[in-house]
């Protein structure tokens, strides 16, 4: 069996989550998120993220959450601004366009959008022959593992509000972002500075599930109709309610993020010691390094990981992801293996 | 606490299913349905439904499955034919239309479509100013609990093939249909006589999940792209794979259907004894009866159920659903309560 | 050559309209409706329909106008209510659904919707599992040639406003409706009692073109983006501006409607004299009569017309449409032919 | 009155076209393109472009034609490859995405795509998490006035066929492209080397209208349903049929393209004489030059033209378009004005 550093969704769920399911398995609950667990989970999140006026919905996955929120927020002729590397732009098989909306992209920097990117996109897209940008999509942590600083978030928020744009944060890896040692954004800031954001669960201890938090009143009305219309309303909504209720007990959600970051930093520092070069700056649980082709070939015999892109004819960028369930012994084995291969050269 | 006969998705999952999740919780699995459990589950279904050439995908719920399959099968100007009572027509918040396709309806009979309905719809819809019907949607068991006979299915299949139409069966309650004492359709018939059908799991023992079986080669190509494009591809596909793998062990899937049907028949016969009138013919796990308004008001103090529709000013049609997890003692309590109220009149 | 009573769009345009095109052919004009003729045409319509606060856009045809307006007015999970016979429901190849919206239908009466139909549809469609009706679509004159009375329009308007629904009038044959001798709706009433309506040009003297009048402020914003997004924005917008400018000179628009109605009444009274039975009440330029199959077969040798539907095995409903360009001599020939065939029986 | 070099659609139509409308104004014709003129126009085009097996449809404008064809060709999860400067990507207000399809872009060169761009895009977009590219969109002449050589077209065609991609040519300015003195593509080559292309009429002598030629059998079926579904089917189809019939008489279509190219070359050579620098290579009827801000400000007092983009703080790129109806005397006046302003500096 090969050990996988391929992603942070290769195991089922944190044991507490499964135990909660067993605990409540005899209960009858109302369908479609009208149950008591969903209500509890909403209240816990409202407390923890200081967003008592927000509306919260639980959805099945990231692409679905992006699709449902964005298609709800936009009129047919409106578009989204995303960083070129944004998940909606690269890895969702055209789901946003499938719902009718163009994604305008800017290059950004380190996987992040900045106010000047927003202004540049607005300048280029104007008048009735071009899509009207209405929503700015960012992810935190980003697809390449970086995070926004509080100032960056506030500046982006300001340029959005000044230009009548919604700001939406894809938080598929929000736990990891918040628990980064570089992070200075408080959970309460997301409700303050964005129109909507989601708290990813699938990548951090749940079987499935993302908690979408809608802060802007304009986006709240009839949202459940939109969910159903997209085939995203779960009959057994309480499956998600119970899981989120559990994962936020004693801040487990954040502890798991802390743990996966620590594992990633450990992996990274061990790799640095043996001279492996990083490709993107490390801030969360995704480690991007440069390996040569021969090394990759050897490693693939024992480990699973993603080759991100070709760097040149001889080297590639490789992504190693640490999850809360990643075992330290396999990190050590991986590093050892790399070291051995290096020595044999 | 009120006891619910509201639907067949008010409890989490069959214990075996939860135990399987715990059993496999330490495993790493590949994402997006590329794992071994999904493969096993597919093979088990192929054996049990004799559909070795079919492609099988696992999705989260009924509306999603209908949406993904139908939008995959149709070109933009093509439409679906459904019974007026069809789930896609009544209870999916316009999800099919949301994907761009008109639903043409015929009245049908007892919740079912017949060849003459198909021919009638084709006759009314012709030429480039009208939607081109390309797919016939039926559900089995139907939304009102009835089932198709083998002859009815074969006749419908023939008229579809003769007219170049796809036939798709919504099997949200397929277990209950197959295990009806009136049923003469063999599991293998669904692959023989339809272009696609799905085997519902959410309503019969799974946390969530439907198994979509695609029989017609024309519909197979690139189907996973379509799933992703609709936001319906699960990162942890193995969550569904494990569940389906488990629910088909020792035919548990069918035994649960048998059980819920038996409970429904028991409920119905007890009600008949005290003079309660049925509204739709009973064939599966949904019992439709006529109650007067006063009775409904009294019952609602202790039980949860759905008022289906007004029959007249004084009476309503009520739906009582039995699930595999419905407790017989509560059926007895319900019947007793009704009897007592009758006596007090 | 057979003479056609098939529709009211079988000739190019009123000579005045073509002459106007020749007159302005040397002019340079701004594109996309930013020209002086479009501005003039807008002002003329604002005067004539007393709608100085409305926004007016010129589009190419009826289906396109319905599609652009309705998809602009609705959020993805919202639907339209239409009479079963409504053009959007029957003869637009699923264009409304193609833009993502379900059409809910009620039977109505004589091709018209009444407040009780709206209330009935609202009662049947409620809650997040059903489409949220947000717009009521009617046509005037209707697809079967009938017209709304002022009271009917006002009552419908009231029920819509009371229930937060938009009211939209498809006026493909608005000239004919307004000029009906049964009509008591003033042109100014359309802006008063509807949220949007369109003034059909294609069926009454223009090469092409419908003038969409948007009364409700909520629907005005960014409408030109919506037009472009649907591929409906004409580079040479002035082609439509010039035509509408011309057709409203000296009330030509209304005179042509009057003329076609008179021709239809003449045709109808001549047919009545020889015992031909009407099928729908005659109010505008469309004459629906009952003919036997043999008669239809004979007539089709010399005339073109539409067979509307089968009445029984021996008789069919036939539609004869009079246009402003229909020649009276051919009406006489048609009647004479029918008379002769009757005599030969 | 300012004279406009803003575009090639600022006048109504070539006089022959208007005269044809007058000539046929008394005729009755069948609706929806079933008339004799549409048939004739199709046959003329089939002869002139040697595409006797192609299907031809007449549509109202470029964006509409692109939208109808592309949404017909693609399944929901498939996307289009376009040059970054492509009309569908920049100036159609998200119409293609509005129909559900992502546009993947490559930078290309001089407004054109090359086989290496196609291969690069295919390499970057692979697997079910990314849109499946299925159609390559190019325009000829391009948005910046350049044209494809026969070899470039053939090479692109080959890479498309090798990779199971459709090749579609937006020919809004096809006349100008074919009549370029640099052109070596024969009209017959478009049917040979593309799956579909359109012959633009709106920008070259018609009131409105583009002739879409579908060469690939896969794209032919039910195309008229798609047109109607998009609100693009004209009741008076013969309006377009008559115009195309006329514009191809005695090769008028090509003569007008030749004329506008000659005017552009004349303008360009006069500008060169006085030291004005070109921005894009001149091949057709669009002249792109660099002017300083002061010059632009002065010119705008007497002429209308489009400022394409900022070159730097002091200079901008300006587009001057010559149409068949552009008057030489105004070209001379424009050049004279520029010369005078230069002298005054």
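We call the chains A, B, C and D, going by the order they appear; numbering starts again at 1 in every chain.
By definition in this document, contacts are C-beta pairs under 8 Å (C-beta built on N, C-alpha and C of every residue); 3 or more make two chains touch, one makes a residue touch a chain.
Fair warning: this is a prediction, and the values are worked out from it, not measured in the lab.
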Touching both chain A and chain D (chains): B, C
Listed pair (B-D, A-D or A-B) duplicating the A-C contact set, over half by residue number: B-D
Inter-centroid spacing, chain D versus chain C (mean Cα positions, whole Å): 33
Chain centre separation (chain B, chain C; CA means) in Å: 42
Separation of chain B from chain D, taking each centre as the mean of its C-alpha atoms, in whole Å: 51
For chain B, residues that touch 2 or more chains besides their own: 76-77, 92-94, 98-100, 128-129, 132, 225, 228-229, 233
Topology of the chain contact graph, where touching chains are joined (line, ring, star, complete, other): complete
Touching residues (chain side chain D, partner chain A) in the complex: 76-77, 79, 90-94, 97-103, 128-132
Footprint of chain C on chain D - complex, ascending: 3-4, 6-7, 9-13, 15, 18, 21-22, 24-31, 60-68, 92-95, 98, 202-203, 207-208, 225, 228-236, 238-239, 242, 304
Residue ranges of chain C in contact with chain A within the complex: 32, 71-72, 75-78, 99-100, 128-129, 132, 222, 224-229, 233
